[in-house]
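There are two complexes below, and they share subunit A, which is joined by subunit B in the first and by subunit C in the second.
For the complex of A and B:
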């Protein structure tokens, strides 16, 4: 039987320490290796391979978030004559601070557990977590994406004493599907292959789990050629009493679900390293959704019978991370030979850090174990009692009779001295250009079929978006189901009209101009999507997910720092708390010639709102001819980062800037207007601006619209800007004539103007004073928008 | 009170909303794992209606519904046969329909005459379909409008028969309960027929009309606000087509 190997480090030189870390794929720095050396010097022995693996996993960027916890010396050069220097205690503290300042009493658990938890009603809480699975999905897209969704579902199963997953969300970033094969580097899959495999992976896992996948986005930009992004989120619901967990010394360590194999070894350490060719695919986990579904079924019964005192998922770092985390404040003894294996001959350290999927670890009071066994057996779920929690403050790991590891938990989890990081941000000077002599009709049609704007129906219909029977506003509504919704609305309890609204905001193109504004714009967009469906901006929580490039480059860290500062400042101004977040750093590719390509820094803001009555929610398709069309919010000449600029291959320009104060006022009033049945349809203006927003409202309605641009509240009179600028905080609203007075009164003093009418003809007609700028048939709009993305 | 057993196993995932639909329609319900049946702890015959709901039983790993169909045929066939002899309804929805067909319960009891195969599009699709209610031997679609709407959500839902004469036979026997149609009620190609089923067949029953199976999900069309375009509709009624279906089934047994 394989035993643990002893690794000689006590007398190792610095160079040898680095070599040990590198050879073992541990991703530990010299400072960290020296800390380990010191620990074992005082213990008077060399570490085992298992111990080194456990330390490497616990301290990995993936599990410890070193970058987000480090002090940062930040130099910001906005005006080249006067650089501003400041020291930031840590990026994570900035985010947390914002939540503390916003202070909402319905936030139940933030940044502590596996997922953020907010109050739903007297009896229930809602939790939400979004994760990324970028590296595995780039190497093995089908399996990587599937285990991405599988992993975040387990996060929710392991939040508190376990929540029932009710919704999955997904956001993907790929290079354009028409990328030429000659542009690919060795070891890189074509974006179309990645696109199809990632969608299939999420589809097959999510559908089999019986969880609706009903919100998300798909983005295309050449910046994601080498590193794709795969964000997966899960929303869960749990009884209020199940929010807290606490391991009790004397409880049994019980692992349930999948067996342990050699798949996903070093996932935690690898996920924070650069991609290059020739990475072993054994780092990618292999998923089996039905095993996880059985775990879910069994857990919900066991939870309600209160058969365990704590639970966590086996994610990155496997048992090492899961048991380590649970034992952190007490201690545990573990017997690795009791872990059910997929096949024999695994080394003890492999069992300990393997990231085999579909496993959960429970802390079970001994007297409850028999009943738990009954439930697990009746659901055909495998389980094993692999140890016991105690109060020694140590984790002691056996394999048969041999001790293969023993570590002090306080030392292992103690906050280490992290180095101070340097970050530098220099504002790019850009000229604000407005192209002339544009054919507006051609441009509109080109934008409608731009892959970033066009309908993603071909993907969305592959997800079961209404299993469980809670989905009230579905991803697609309108006539023939071809009108895309801004957000999804669920009524998660049968027979109860209380609901949640879930949306997202993401736009890397703004980030290329200014990551600070990107943060504000993403928050604004996520909130707009919530409010457009009837969500309450004052009852909305948000999540941050940062995907960034090579982070030891001070300029990349500078952009990230500026983005986090934006999150902090704008969250406070919009009064929305962050409840959970995650960072995925070092999304870069090292080419054969040694050069490095980082992804565009990408922030995903996911938003969730609780509403009293799902029956008040609305959709974006126009409802009736002769209704009036209003615009809320002011339009400026902000074409920087717009899809319009992209179509014309223009760089630079003025990036849209959010106006939190006015935006929030508009959103609060709009929420009231919708609640009081004053609004027939509503859609926010995002990529492609007003023109695209109105076209989309036409496509699923069978009606048309006639618009008068000169009526728009704006700081510009340029038709191109009025049509395609992506100024933030704007909505297009359809109002019945009988409600006009009440509606206008509500928005008195705010930028709110009637700009046209719904017309019986299926067409979009846009006038500027006495000139008709656009007159396009609805069928053509529909055809361009619906048919652009093929499978 | 009419008692419904909702039979589930690993990978079943529409059991909760099916249970809710039955309860709203006035029945008492039990969601029972098949292990409880095969170990003899629960008896199917103690119930009035058997429903096999949607999902991916055993991951659909050997073909949709195949493993659960085998389990039923090998481990609880006797109970199932008695259940049918006592003229109690057996209903398969989506994966449940796939199970009934593969367990040789539909369209002809004990005979392997049909199958549900991969959608012609080659992918899983979730979309709402128009369904024409056919004149059939099944009493469960009485008092329904001529055209109703349910969603489908499946990858393997294309209904095929062993021979063309079988199609004539089930049509003549009035065993076709639902057909995919366009909004004006005619059978048509994709996307109105979402999977390429022959003659647009979306659901069938046995000769007596008490064993029925369909790919569309009535339990997801229980309320008006389940309809994908309810925000466009003028009416204010609470329930939708799915409710009438469950109500019919339960009233038949009371």
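For the complex of A and C:
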């Protein structure tokens, strides 16, 4: 058996240090290598390969989030104004500040555990985490996406003392499915292959785990040709007492679940680097959901019997990261030869940093180990006691009788001196041109079959969204189950009507115009989706997931900074706290000619709301002819970044800007209106604007609608804007005639207008004053919307 | 591999004739999306390479009791060094060494559960049999890399050309 190698660094020159980092795929900078050199100089010895690996992994962008923790010198030039300079303590602190300022007492654990935790009721808490698995999914889409969902499920299993996963969410970004094969660089998969394999990966993992996958989005843009985005989220429920964990010195280090192999070695450091052409096989991870399902079942029993005092998952960085984090404030001794292996020829450092899937690490009081063993054996889960926590402040790693690593934990996790980063943002002035002589009907149908708007039913139906039996508002509803819901509503406890609403907001096209507004618009959209189904805006928490391009480019960092500033400002104005988040940076590709292609900076906002009574929640399809149709919120000429502009290949334009104050007032009233049964159906206006929102409400209902555009509260009278502008904060609402008085009274003083009626004919008729602008058969609408994306 | 080739067996499991092969159809569809027409149909088989402490009758038993769904599937067991006669072009796709193979791991566990104590190893793969009159190795190679295998983690073997 190979022992640890000693790496000569004490006398290494700067150039040699860089070479060591590069050769070992450590992704450590010269400053970091020097810090390591200093540490080992005072220790009077050279490090082992395992020690270097552990340090590299702990300090990697993926685990340490250097960019989000660094000070930033931010220069902003808006239009032709003089530059404004600002120093930002760190991006992470901005997000955290927002949550502190919003201050909601139902936020139980934010930004410290594996997932954000909020209160559900007196007895239970809900936790939510969203992760990305972009690099692995680009290389091996099926395995990468599967292990993406598998990993985030383990995050929830490792939050507090463990939550039971009750919902998975997924959001994917691909290049258009009709991309020509000739456009692809060597080594890049066709978007259609990625699309199918990613969906299959999430499907097979989620379904086999018995967790419903019931919310998400799929986006298509050429900007994702070289780097796809795969966001996976999991919601879990846990008893209130299980929220806190604390490792006790003397506890055993117990690893359970999958065996350790060479899988995913260097995943953490690799994910901090860009995609290159030559990738080692070992970075690929393959999932085994059956193993994770058994781990889940065993853990839930063990948790309820209080058999362990802390738990965390083995994610990026493997055992090194998991044991390191748990031991951070105490210390531990680990025996690597005790770790169950897939094959025997692993080197100690490989065992330590391997990212083999389906493993969890527990801190188990010795007297409880026997009972834990019984449970694990009864569920057929492999386990091993690999060491002991102590109070030495050090981690000491053995392989058989040899010490293969010993590091001071305080030094390892100490906030290092991070360099000050420079960020630059420049906003271009753009003109808002509206094309003339447009065939409205053709445009509407074209938009309905735009892959970003069209029905994703073909994907959603592959997911089990019913398993566990809690799903109240499902991803699709309406008379023939083809009407898309704005959010999913779950009642996670049998016999209890209390529930949760989960939704998301994402729109990279706004970000191309202004990342600051994108942040606001994504928050607005996520909240709108929540409220449209009956969620409470004042009981909603959000999560941020930033996927960005080449981050050492000051302009990319500038866009990211501006986006984070938007998150901060708008979260405060909408009074929603961030409870968890994650960043995935350096999503770029270096072409053969050396040019760099970054993805469009993409922010995903996921939202979760707790509601008192799921029976009050509503869907978006029209319910009855002759009911009145209202619009809430004002429409402006904001076509920049819209799907309409995309159809006409127009760039620039005015990006929609959120109006948090009015939006929040509307959402609060709408929440009350839905709770008081005043609303029959509700749909938010997002991509494609009012025309698409109403068309979607028709498609799933069998009824039609007649709309009068001149009634819309608006700052423009231009029909194209009224129909397709994507102004924020708007809802289409169906109200029964008997409730009109109460409804209108509730919204007095706010932009709320009746714009038409539900009609018995299955068609969409739009009038502007005396002119009929659109009169389209419902079947045609349905055919375009439902049939656009094929498998 | 140090094992003698006469001790390596292949188990091939496919759908019974007449049943709708959803996976095969999907593969055909994906090939057509590449712009390659002329494949009439694709039959997909799960293939298992069973080796180690085994003989023919034991492999047959494992195949029959563990790997086969007798209602919908048929099976074929043969020694790896015995060439199978087939007039069709086929492609086998196997995981590269060192890549985690969850199905194989589960199969080995299943063998233990059958009460078989022998030291048996399994690799899992897929076999695609093409019904076509098109015999063009470059096109088949293209199908392999674009549809059937991810060469980062899998190897493919083309047979019948």
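The definition used in the following text is that the second predicted complex is superposed on the first by the 789 of 791 C-alpha atoms of A that agree within 3 Å, B and C clash if a C-alpha of one lies under 4 Å from a C-alpha of the other, contacts with A are read in each partner's own complex, and residues count from 1 in each chain.
One rule holds in what follows: a residue touches a chain if its C-beta (ideal position, glycine included) is under 8 Å from a C-beta of that chain, and two chains touch if they have at least 3 such contacts.
Given the structure is predicted, the values throughout are model-derived calculations rather than measurements.
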Partner with the higher number of touched subunit A residues, subunit C or subunit B: B
First (subunit B), second (subunit C), both or neither touched by A:143: second
Which of subunit B and subunit C A:263 touches, first, second, both or neither: second
Contacts of A:335 with subunit B and subunit C, given as first, second, both or neither: neither
First, second, both or neither for A:396, with subunit B first and subunit C second: neither
Contacts of A:616 with subunit B and subunit C, given as first, second, both or neither: neither
Touched partner set for A:290, first subunit B, second subunit C, both or neither: both
Contacts of A:66 with subunit B and subunit C, given as first, second, both or neither: neither
A:356 touches, of subunit B and subunit C: first, second, both or neither? second
Which of subunit B and subunit C A:190 touches, first, second, both or neither: second
Subunit B and subunit C footprints on subunit A, overlapping residues: 288, 290, 791
Residues of subunit B touching subunit A in the complex: 10-14, 16-17, 20-21, 24, 33, 35-36, 54-56, 58-59, 61, 123-128, 151, 153, 219-220, 222, 225-226, 228-229, 231-232
Residue ranges of subunit A touching subunit B (in the complex, touch as defined): 203, 207-210, 288-290, 293-294, 297, 378-380, 461-469, 471-474, 476-479, 481, 491, 494-495, 614-615, 617-619, 621, 623, 791
Sites on subunit A touched by subunit C in the complex: 139-140, 143, 181, 190, 192-193, 196, 261-263, 279, 281-282, 284-288, 290-291, 342-343, 356-357, 791
Partner subunit A, residues of subunit C touching it in the complex: 26, 30, 33-35, 96, 98-102, 105-106, 146-147, 150, 152-153
